[in-house]
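Listed below are the structures to be examined.
After this come two complexes, each holding subunit A, first together with subunit B and then together with subunit C.
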Partner chain A sequence: MTGDMGRPSILAMLRTRYFSTLGNAILSIISFSILALITWKVLDWAVFSAVFSAANGPEACKAVDGACWAVIDARWRLILFGLYPHEEHWRSGLACGVVVLMTVLSCLPYFWNGRSISIIWIGGFLAFYFLMKGGIFGMPVVDEQRWGGLSLTVFIFLTTVLVGTPLSILLALLRRSELPWISGVTGIIIDSVRSLPLLTILFAFAVVLPFLLPDWASGDKLYRAILGSALFFAAYQAEIIRGGMQGVPKGQEEAAKSLGVRYRHRIQRILLPQAFKNALPATINQFVITFKETSLFIIIGFFEILASGNAAYGTGNWTFAFVEVYAFIALIYFAFVFSLSRYGAFLERRMDVGDQ
Partner chain B sequence: MTQTVEPAIIIRGMNKFYGSFQALKNIDLTVEQGERIVICGPSGSGKSTLIRCINHLEAHQSGDIAVLGTPLDNNIANIDEIRREVGMVFQHFNLFPHMTVLENCALAPMLVRKWPRAKAEEMAMQYLEKVKIPDQAEKFPGQLSGGQQQRVAIARSLSMQPKVLLFDEPTSALDPEMISEVLDVMVSLANDGMTMLCVTHEMGFARQVADRVIFMDEGEIIEQNPPEEFFGNPQNERTQQFLSQILGR
Partner chain C sequence: MLSAWNNIKLRNAVLQILYVGGFVALIVTLIVMGRTNLQEQGIISGFDFLWKATGWEVSFSLIEFTSRDPYWLVLVVGLLNTLFLGVIGLVLATVIGVIIGMARTSANDLARLLGATYVEIFRNIPLIVQVFFWYAVVTRFPGPRQAINVGDSLFLSSRGLYAPGLNITGLSAFLGIVAFLTGLGVIVWVSSAQQFRRMEPARKSRLRWLILLVAFVVTTVIFWIGRLPDTTLVSMPALKGLNFRGGIRVSTELSAMAISIAIYGGAYIAEIVRGGFKSVGRGQIEAAQSVGLTNWQVFSRIRFPLALRAMLPILANQYVWLIKATTMGIAIGFTDFFMVVSTAINQSGQTLELLGILMGGFLIINFTLAAVLNRINRAIALKGDQLRT
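So, the complex of A and B:
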């Protein structure tokens, strides 16, 4: 078609897309009706007929058909902070705020250089740790055993990623070593860790390891479990990075060699930046999986957000309100994972600069 | 008083194997400083392998190589020393795609020569002007044409201020209309007195600037002569056959 047709009107677009034939029209009407019905039911349950305030206790919920958000109103502190001492909850909340700030800062391209990122992450991590643990500036000590809820979930995730990422780069580099016994041994380590279920690894590190190690070396159960989780993360992430490295043409390294650039700088400046770019979609995927797998820590007795959610409806008079609690937790997971994947998409677009 | 200038490159009895296949056979070659050499030969004759041995992108198995007086052995310090002084231009450019043109050129001087960024970028701009492409300094390699990319690659090598430049078929991957812009830059480098070893099929370039043309076949140096002699009166039968194929005579 030529000529100045202008944009088709919405009505015209609806007609061509959904009502072009009689059959299509019937299908469209049925589908739209089902969609509308579901939307109405969900809205009615979640908003219109719901009880939001816990002021009147669980009894208020029993009188209505809608959602009982009152359970969240009554128990949100338990869900977010677990067994953390009540009067210290601000510390746990602030610690999560620090993490959010640190994530936002490291998403800004202005800070994308090794020094800034290291300062932000190590500084942020230390701030998080000391806020949670206390023992300085007059803050009472709170043992890891009493950490819980969202801040524990975030702590497990962050520590896993912070420990696991350097480890995964190391494993990926060792695996492509020219010395066969180094690459071979690394390959066996990676394959062994990958062929075990995460649950087994967590259990082994948390429960079995103390029997094998002397007391001074075994540390806190939480850190042993996180170490296991980091190892598991690193085994998968190493293969993702190795895949990214294989996508970098051999000529890149040759060009850097011919300029006299040494191994360390070839890796840092030429190989890894391009490998990360190639590996980005799979890396975001791995981060998302790792965030969700923090819920497995429930097995070895940690009160991460899912466990504290169970406790929130499992005690007292709220036992009927489990759907609402799980919906609330799902929303929190969604907020984290969705931001993560949107950020990944932003990175991909940004890194495409210069490609054709 | 006169001082004898040491040769830029000395190769003595060098052999190179890939497994049981011998890619280079008993190579002897001396390149004086300021000498411009063109290496030609059929594909698989070992000409690229030869120049890749000079900066140790490929390891040789026996024989001696010395570059600017530094012996090329398994000593990493010596390999680094040689690579600092020997630049290389590749068939497929091999620019770093995640860096701008200027960053491509300034990277090695900053990392290897330890120059401050300002100095490295200033020198890089000079060489980008030399290859007539200063206005593209802030672009990424992917935004440039093949000819422009190859000129950036030459500027990147020059930014290290090498004493020897190796060219590995620098125009073979280019569209025909872009070959001359790259050759022009190479001719001007030759006229500046740069020591150059060029693997190329551009016989016009060889005639114009080469002090010596080397013909290789099956891993051996078959014949080497100044261009008039080489093209006018080729001695070896294989050289004659190659020239007749490539020049269409």
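So, the complex of A and C:
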């Protein structure tokens, strides 16, 4: 009979928490009804009255009110791998797995030093690239034109970050240069890129540049667009790193200078490690934003995950099942973005505690 | 030679000249190469094309536009559409953001949970996915004959949303709304700015009502001037034949864009609002309660003004971001500034000039918005004598 002790206190707690005043009671009831309604509707739609198997074709879905996950069952390969050759799909899947492993590894504080992080990211990128491209270990070559779906999204993200990060450090160092013209011009470059929409930059690099450059200098459209996206990333990331650098006490650099430490070592061993630590939460946030923004590549004509999703419900008899396809794509983005941003918030709290 | 390298002044000067020179050389090379390349394709650079007829139409325009009108006018159409969508999106996003943000700072944990669910779902899905989703939703409404009818005045159909409207030109509608919003902005400024701090409450209240009246009258006059000849002022949508006549039609593209920007932006603004309220010190609220202010007074005199000051700079960045996000309209065919420019590049081939106009246009929009918000921010920031803690 231990419940006898607990019961009145739970009631009392409910009353003080949710029904203390009339306003609070109304708020509680409204919030609870909305939450309950949404939960019930979503569960009912997505689970209880849904069709999961594509065995009976699209007609099976039309008979029920719930979600038609059959479209995912029928088309998941198209959404995840795009036009990648069917028998090589395992390579595309494995390559995405490598990237997930890489992301998890770089979240562990054990690897938080310049060398490990560089090895993890460059090694992961090479593994991804050769798995996708083939040509070694007897894997047939698959050109970039045939990459698509989730793996193309991941490739765009990886390359953007790998090209953009060194560029951002360079821009941040140039902007805090003591020479007024160098810092001034760098400031203008950074601010102009930041005040333009990413889409216009992608458009300029992917679509307009070939009109301006001779053929030999144009290169592949995908890499031009990624270069534009890397430049955009670098302009934002440079400001984040600069903010981190401002958090490093000036005395430290002056002390190193007076000991005769060379510029390169002052930057490499004193300034950057601390700047990166200060800028870590904002950097993770920027990575999250960059991952979300890879979806813009659909507009300049790449077959990334959103485009392959549009194709998945746009053809054949599945045109009615757009909600399910978008929900599936949204879920993939959500899983990545939500966990990374939670991790960022956790780090921020941990560092706040450390600073106190 | 070595001594010259050791001369710091000389070395710095050389480094700077090399850096700036290299940057300028890169830009000039690009432009010169582009010009010769384009000339080979028979396109003469210059801005003469702006006065030529476009030969194509736009699907949505606030001002009169036909395919015989010149290029400069189509650019204006695009710019107005961007601003129009921007204003609708920002206002709706702010309303949603404030409501959800308040829910997230509420003492009631059910309301907090509701707010958190909203923010986490809509912030973590890319805007463009949401745009495609809402576009798919609004284009799948039933056709005009089976349109969803709300009180015989609102009709939802796959061709767009039909609502009662005024028989006025799009431009005057736009100007009227801008005028009214400006009036509201001035009222906010009067309520919170330094210059009016020492004004008597009664006089201040009278001033605010006066401004509201003026804004209302000016808006009405603008609408009246812009009314279409030979029509009643208010027009109701009605089904005639296969489609609706009368009223205003909100196109599916515009509504999909406005809904997505409002929902996505609302999630971000909610976080900013929450941050603003969290930054208000507990001590200040407790002090206000202990001198006997009511809950409403604590909110309207202490928490809200202090929170607003904390959130305005971040809010300004978010607004600039949302304006830039209107460019995604091109994905579903909303003729905003970006889409108009890219179509013009395709049609006329005046790549360099149009690219310059595109970038210039966005720089001007964003710098203006940033400058206005900075002014407001400075006007309501805490000044020296208020900083006693």
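Before moving on, here are some points about what is shown:
In this text, the second predicted complex is superposed on the first by the 319 of 356 C-alpha atoms of A that agree within 3 Å, B and C clash if a C-alpha of one lies under 4 Å from a C-alpha of the other, contacts with A are read in each partner's own complex, and residues count from 1 in each chain.
Just so it is clear, contacts are C-beta pairs under 8 Å (C-beta built on N, C-alpha and C of every residue); 3 or more make two chains touch, one makes a residue touch a chain.
Note that the structure is predicted; figures quoted are calculated from it, not measured.
In the superposed pair of complexes, A:28 makes contact with subunit C only, with no contact to subunit B. By the document's definition of touching, of the two partners only subunit C reaches A:17; subunit B does not.
Legend: residue contacts after superposition of the two complexes on their common chain; A:260 is shown touching subunit B, with no touch to subunit C.
Judged by the touch definition given at the top, the superposed model places A:249 against subunit B, while subunit C stays out of reach. Once the two complexes are laid over each other on the shared chain, residue contacts for A:299 go to subunit C alone; subunit B is not touched. In the superposition on chain A, A:195 makes contact with subunit C only, not with subunit B. In the superposition on chain A, A:274 contacts subunit B only, with no contact to subunit C. A count of residues in subunit A touched by subunit B and by subunit C gives the higher number to C. Within the complex formed with subunit B, the residues of subunit A that make contact are 249, 251-252, 254-262, 265, 269-270, 273-274, 277, 351, 353-356.
Residues of subunit B touching subunit A in their complex: 55-57, 80, 83-84, 86-88, 90, 92, 94-98, 100, 107-108, 111-112, 139-143, 153, 156-157, 160, 166. The touching residues of subunit A, when paired with subunit C in their complex, are 17-18, 24, 27-28, 31-32, 34-35, 38, 174, 179-182, 185, 189, 192, 195-200, 203-204, 207-208, 211-214, 292-293, 295-296, 298-299, 306, 310, 322-323, 326, 329-330, 333-334, 337-338, 341.
Across the complex, subunit C meets subunit A through its residues 12, 15-16, 19-20, 23, 30, 33-34, 37-38, 41, 103, 106-111, 113-114, 117, 120-121, 124-129, 132-133, 136-137, 140, 320, 324-325, 327-328, 330-331, 338, 342, 345, 351-352, 355, 358-359, 362-363, 366-367.
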